[in-house]
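So, here come the structures, one by one.
Presented sequentially are two complexes of chain A, the first with chain B as partner and the second with chain C.
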Partner chain A sequence: MYTADYFLMQGMSGLVLGSLYALMALGLTLIFSVLKVINFAHGEFYVIGGYISYFLLSLVAGIPPIFGVLASMVGLFFLGALVEGTLLRPIHLGQVDRPDEYAILITFGLSFLFQNLLLSVCGPFPKTPPSFLQGGWRIGVMMISYDRIIAAGIAIGIMTLMMWLVRSTWSGQALRAVSQNKDAASIVGINPLRMNTLAFAIGSALAGGSGALVAPVFSMAPDAGVVPSIRSFIIVVLGGMGSIKGAIIGGLIIGLIETLGTAVIPDPSRALAYKRVYGLIIFALVLLVRPQGLFGEEE
Partner chain B sequence: MSSKARSFFILFLACSLLIGSFAFLALAEDKEPVKIGIVLPMSPPGAYNTGTKMYRAAQLAASKVNDSGGILGGRKVKLILVDSRGMPEQGKAAVERLITKEKVVGIIGNYHSGVALAQMPILKKYHIPYICAEAWDDRVTSKGQEEVFRISITTSMYTQIAVDWMKAVGFEKVYLLHENTAYGEWLKGYFSEQLDATDIEYKNVMADPKTQDFTSTLLRIAQWEPDLLFGDVTGPASFSLLKQSKNTGLAPTPDTAYYGSITLLNSKEFWESAGENGKYTVVSRIALPPTVESEMAKEVQKKFKETYDRDMTPQAMEGYDAFMLMVEAMKSAESTDADAVIHALENIKWDGVRGTYQFPYGSDNPVPEDMPDYMWHQFPDVTCYLLEYTEVGQTPTEAPVIWPPEWASDVVGSDYYIPVPEE
Partner chain C sequence: MAKNTRKILFFVGLVLLGLVLPLLVRSSYWRHVLILAYFYGLLACSWSFLEGYGGQFSFGHIALATVGGYTSGLLGKYFGFSPPVSMLVGILGAGVIGFIIGVLCLRFRGAYLALFTIAFSEIVRVVITAESNITMGRMGLELSPLFAQSNKIPYYYNMFLFLVFGFAIMYLVVHSRYGLYLRSIREDQDAAEAMGVDITKYKVLAFTLTSMICGLAGVFYGHYLGILTPSFTSISTMGLVIAMAIIGGVESLVAAALGGILLEFGLEFLREVGTWRLVLFGGLLVFVVRFARNGLIAPVYHKMIGE
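Presenting the complex of A and B:
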């Protein structure tokens, strides 16, 4: 018989996971809302973030792990800007005949390229940066690690900051304007190309930050981005393509559903095996009722 | 010298040069390298970290053979790698390519049983000798295929050793967490069969090896209060599982022991990931304990460590031994002819890193009825012992041996397990 503490612990665990999922999905949705491009290499940006944190913390002994997260975000910001400025820019300059297919091929190609580059450069063995803080918060015989609590706290902080940036700064408003109507935005003096680069760079930085936050808990390997990337697509569609609020709420919903589904379904093997299916069921149900997602706008 | 004599001398010189050239070409023909193929998972979604170690070890073996003058009258050996990505279809294509395009005369390798099983019909079609280094599925050898030899442990051998240890320690409630692959399914089946014959109460759960977060399941397992958690998930997930098991307060703790997968033998990554959480973790090591290893085995491991700055894991040893065994068979057969090599392997007795290899059951000596079918072309004396990490940073060879009794370290006594101290 499960106790109230058990459900409290599972709920906490779900919220912690959900906030980390949300941070990654937020980057993906931001890129989509502004560039109208689905970044299939988002999972690899997440992994690169984890590796940057690992190598920085390994090379500079005694540095607080939070610097690993910051370095990952900065590194991925510039990598994202580079990728957008060189590989995706032709779409927005009208230099390619079939922009949608081009975007898919380029981001898919980048995903494979980064996976194999990581394998060659970082090696095949999993890497784990040091913990944020050893130990955990205990209820009865169960415990939730400080690493997770801190990672979730930082993720919530970054998401709050992002909401503020998008709502209250000129650049944020410019990003929103471009996402709504590129032509109208350029008429009022906003450079859509610059906003494209900014959105892709911020989106990549969020993926990198998310990877650096979970690396002490999950370990990083070259192919560790595949599952989080697929989950992010589900969250983004569930929350509404391009909706920041949708990505955050969608992330929390998926985190909670996955955790509670695994916690209560009678057969534990099936409960764990179908972990990713719970989110898909909710996703399908929501799309049946609201095809545009929870917070998406109708075309 | 007269002009006639000069002409004769020039003709003689030309003929000598011509004959010399032919002789040189013929000699060069003879010195064509002996090509041996190796198929391993070297990239995702396969177990590329294990594949890399096995390949490195086989490369080391190839260098050793070539540095000592080659085989069959000075011919060099050439190791040709093809990546299976851990996928059966790619594994089949890899073997086909090695045989038809690269013209290899023997093949070694494999980590994933599914890949090995898929390759077997191709090996049969082209009649190429094959040494399976690390696929555990009993069916790899139980099919009685002429070309296939195996030096790794089988799933049923492995589970029997673990269950014997559980009984000896006196565990009463065991929770087994397997990966939902063919390997995990077989493991689950054998464990169930063997645990049913004991008084041990057990439950099991299957997990995707790509799972990153096990917290929810671990919290659930904790409600059942097992005294042993058997977390046999391979690859990076094994690190996450152990860390999360400790962080949820489940195991290793004074109440619950933790038995992890062989991936945890990668001590460098293990300690980096687990830190203090890794103490009192039990792992099986499918090799000889350091106390009974030969000097040759120690030298090979030392060389591997010097070359790659990593400890040589048992899988890497298998990569090394599989290559050397194929070479030894060719040396013994004095040929690369498939029938001669297969015959030589059936009669071989060779000291490798993991023991003295031989395949007692084959075409001349069929598997007796009272023995399992998988003993066909199976190395029967695979050694497997259990170790327990007790200090942060310990390598597998430094950790105390806890099972079997004949190799158990003094510190373990007759308990066969060092419990986690109460805080």
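Presenting the complex of A and C:
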């Protein structure tokens, strides 16, 4: 059973999943690096992205599925900007006591609100948008569906674009400046408040985009964001809070560990359950061995 | 009237009300709601102890209650422990898990405890579901009843006792020297450390105590309902507990407990609107965090005792 092909296929499958995980974690880490806020509603943004894609594709017949991804990213960009402008801005204007506690409470409150709102409006049953392309890539009896491969390809494309944006554009450099030193950035004429909004909007759009990309494979339900958001937390802790490189490499590592780790447990239902346990073990190991994460800076 | 006198009168009044309430509430259904309300009250109260006094976030309360309940149930099922003994072990078990998590996460600043406990609670649910040949998985683990008669009255007084007992312990801690240490950590970690407060130690102790209170609530819940299922351990239930503590008033143990009790009643009264009541609580939670950080019950309580 454990042939070279088998491990090649599992490895491929792990990298495919990993790049999707990385895209979502990238959004979380971008938000953290600029705003110093962990977005506990990230999972719900992911689900809303999936739903936007689903509703667009089922309402407008014959539209190519890629537009679902675009629409959800645009939608979540504006939702993110709205949330930041109304609920997170008070932190940076010094209007709230204990800003760290406020940030956790307000984003967790939003997560609770959105999850139940989705449940009340869309119902509990999973929704699956049409697939990008039927079929899959086969070696022997094993297969990776084209949906996964295409989703991963788009995810890698978006991440490459993000890297370029952050490195080479004025806005990207301004975002990095604010993440490194807010006061120095404002002295050279960057408005940190605008960069906060931009970072939160882009981060939300990345969560929404990954939801839309994954929806044809995993379906969307109101509570479908819980597991992906926990995974993103683990990836970001592993990679180093606020590190873009860390989120991408951490995502690939978690994808590989989950897939290869599933492959070594014979009982399939247990295997599916325990791949999540690996995440918690990695979290614990990071805290024990390297609390700043792979690419994080020491306090 | 002096502030302390009013405070004592307020507490005595609440306890007397709790003692006579089952005589006024005759329906078995509403007695059941009261029991659950006290269960949530205790959890919300312990959440406010940790966050409102210690400044530490946990998403693990429901999971720790589950650990307590399942420990007690499994010991009863496989080793024939009687409920009082297995419940005690369940409470200690939750405390040990809480201690380990605390040591792991609380050495650092930042939201590590929040992040770790949210992952932990998911794992508790997943493992209980997966190990169904031991835990009975989704079928549910049956626990032996605490009392011979199926009447709600003994369970009511038992839960009420646990609520008062848990509250009293946390109240005493908060108003002792350790309470001051905890508050100093929340206000300013650096200053607390500079003054010689061993911040990691007190954070870990506070989280361990909280975990044992969760275990206390959990073992009762399991033996009262007679069955535990993994679906109880969801982030959504945890969200409800947090909403209760925040809407009540996170900086006051009594307001948070009352928040738990009143919101559980709210859930029952609004049963007709289904999941929209959770939307309402979610909206209220966001509103309170943004515009009324002291909660909605705490200001009323402070007015009553004349603070």
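Operating definition for what follows: the second predicted complex is superposed on the first by the 281 of 299 C-alpha atoms of A that agree within 3 Å, B and C clash if a C-alpha of one lies under 4 Å from a C-alpha of the other, contacts with A are read in each partner's own complex, and residues count from 1 in each chain.
Convention: a residue touches a chain if its C-beta (ideal position, glycine included) is under 8 Å from a C-beta of that chain, and two chains touch if they have at least 3 such contacts.
The structure presented is a predicted model; accordingly, all values stated were derived computationally and were not measured.
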item	value
Combined model on chain A: chain C and chain B, fit or clash	clash
Which superposed partner A:L105 touches (first chain B, second chain C, both, neither)	second
Which superposed partner A:S168 touches (first chain B, second chain C, both, neither)	neither
Touched partner set for A:S269, first chain B, second chain C, both or neither	both
First (chain B), second (chain C), both or neither touched by A:D223	both
Touching partner for A:I38 - first (chain B), second (chain C), both, neither	second
Touching partner for A:Q115 - first (chain B), second (chain C), both, neither	both
Touching partner for A:F233 - first (chain B), second (chain C), both, neither	second
Which of chain B and chain C A:L280 touches, first, second, both or neither	second
Common ground on chain A, meaning residues reached by chain C in one complex and by chain B in the other	115-116, 119, 223, 226-227, 269, 273
For the chain A and chain C complex, residues of the former touching the latter	38, 40, 87, 90, 96-98, 100-102, 104-106, 108-117, 119-120, 223, 226-227, 230, 233-234, 237, 241, 269-270, 273-274, 276-277, 279-280, 283-284, 287-288, 291, 299
Chain A partner contacts - residues on chain B that touch it in the complex	43-45, 48-49, 51-52, 180, 203-208, 210-217, 219-223, 235-236, 239-240, 243-244, 247-249, 266, 268-269, 272-273, 275-276
Of chain C, residues touching chain A in the complex	51, 55, 57, 59, 104-105, 107-112, 114-116, 118-120, 122-123, 126-127, 129-130, 186, 234-236, 239, 242-243, 246, 274-276, 278-279, 281-283, 285-286, 289-290, 293
Contact set on chain A toward chain B in their complex	2, 6, 9-10, 13-14, 17, 115-116, 119, 123-128, 130-131, 134, 136, 138, 141-145, 147-148, 214, 217-219, 221-224, 226-228, 258-260, 262-263, 268-269, 271-273, 275
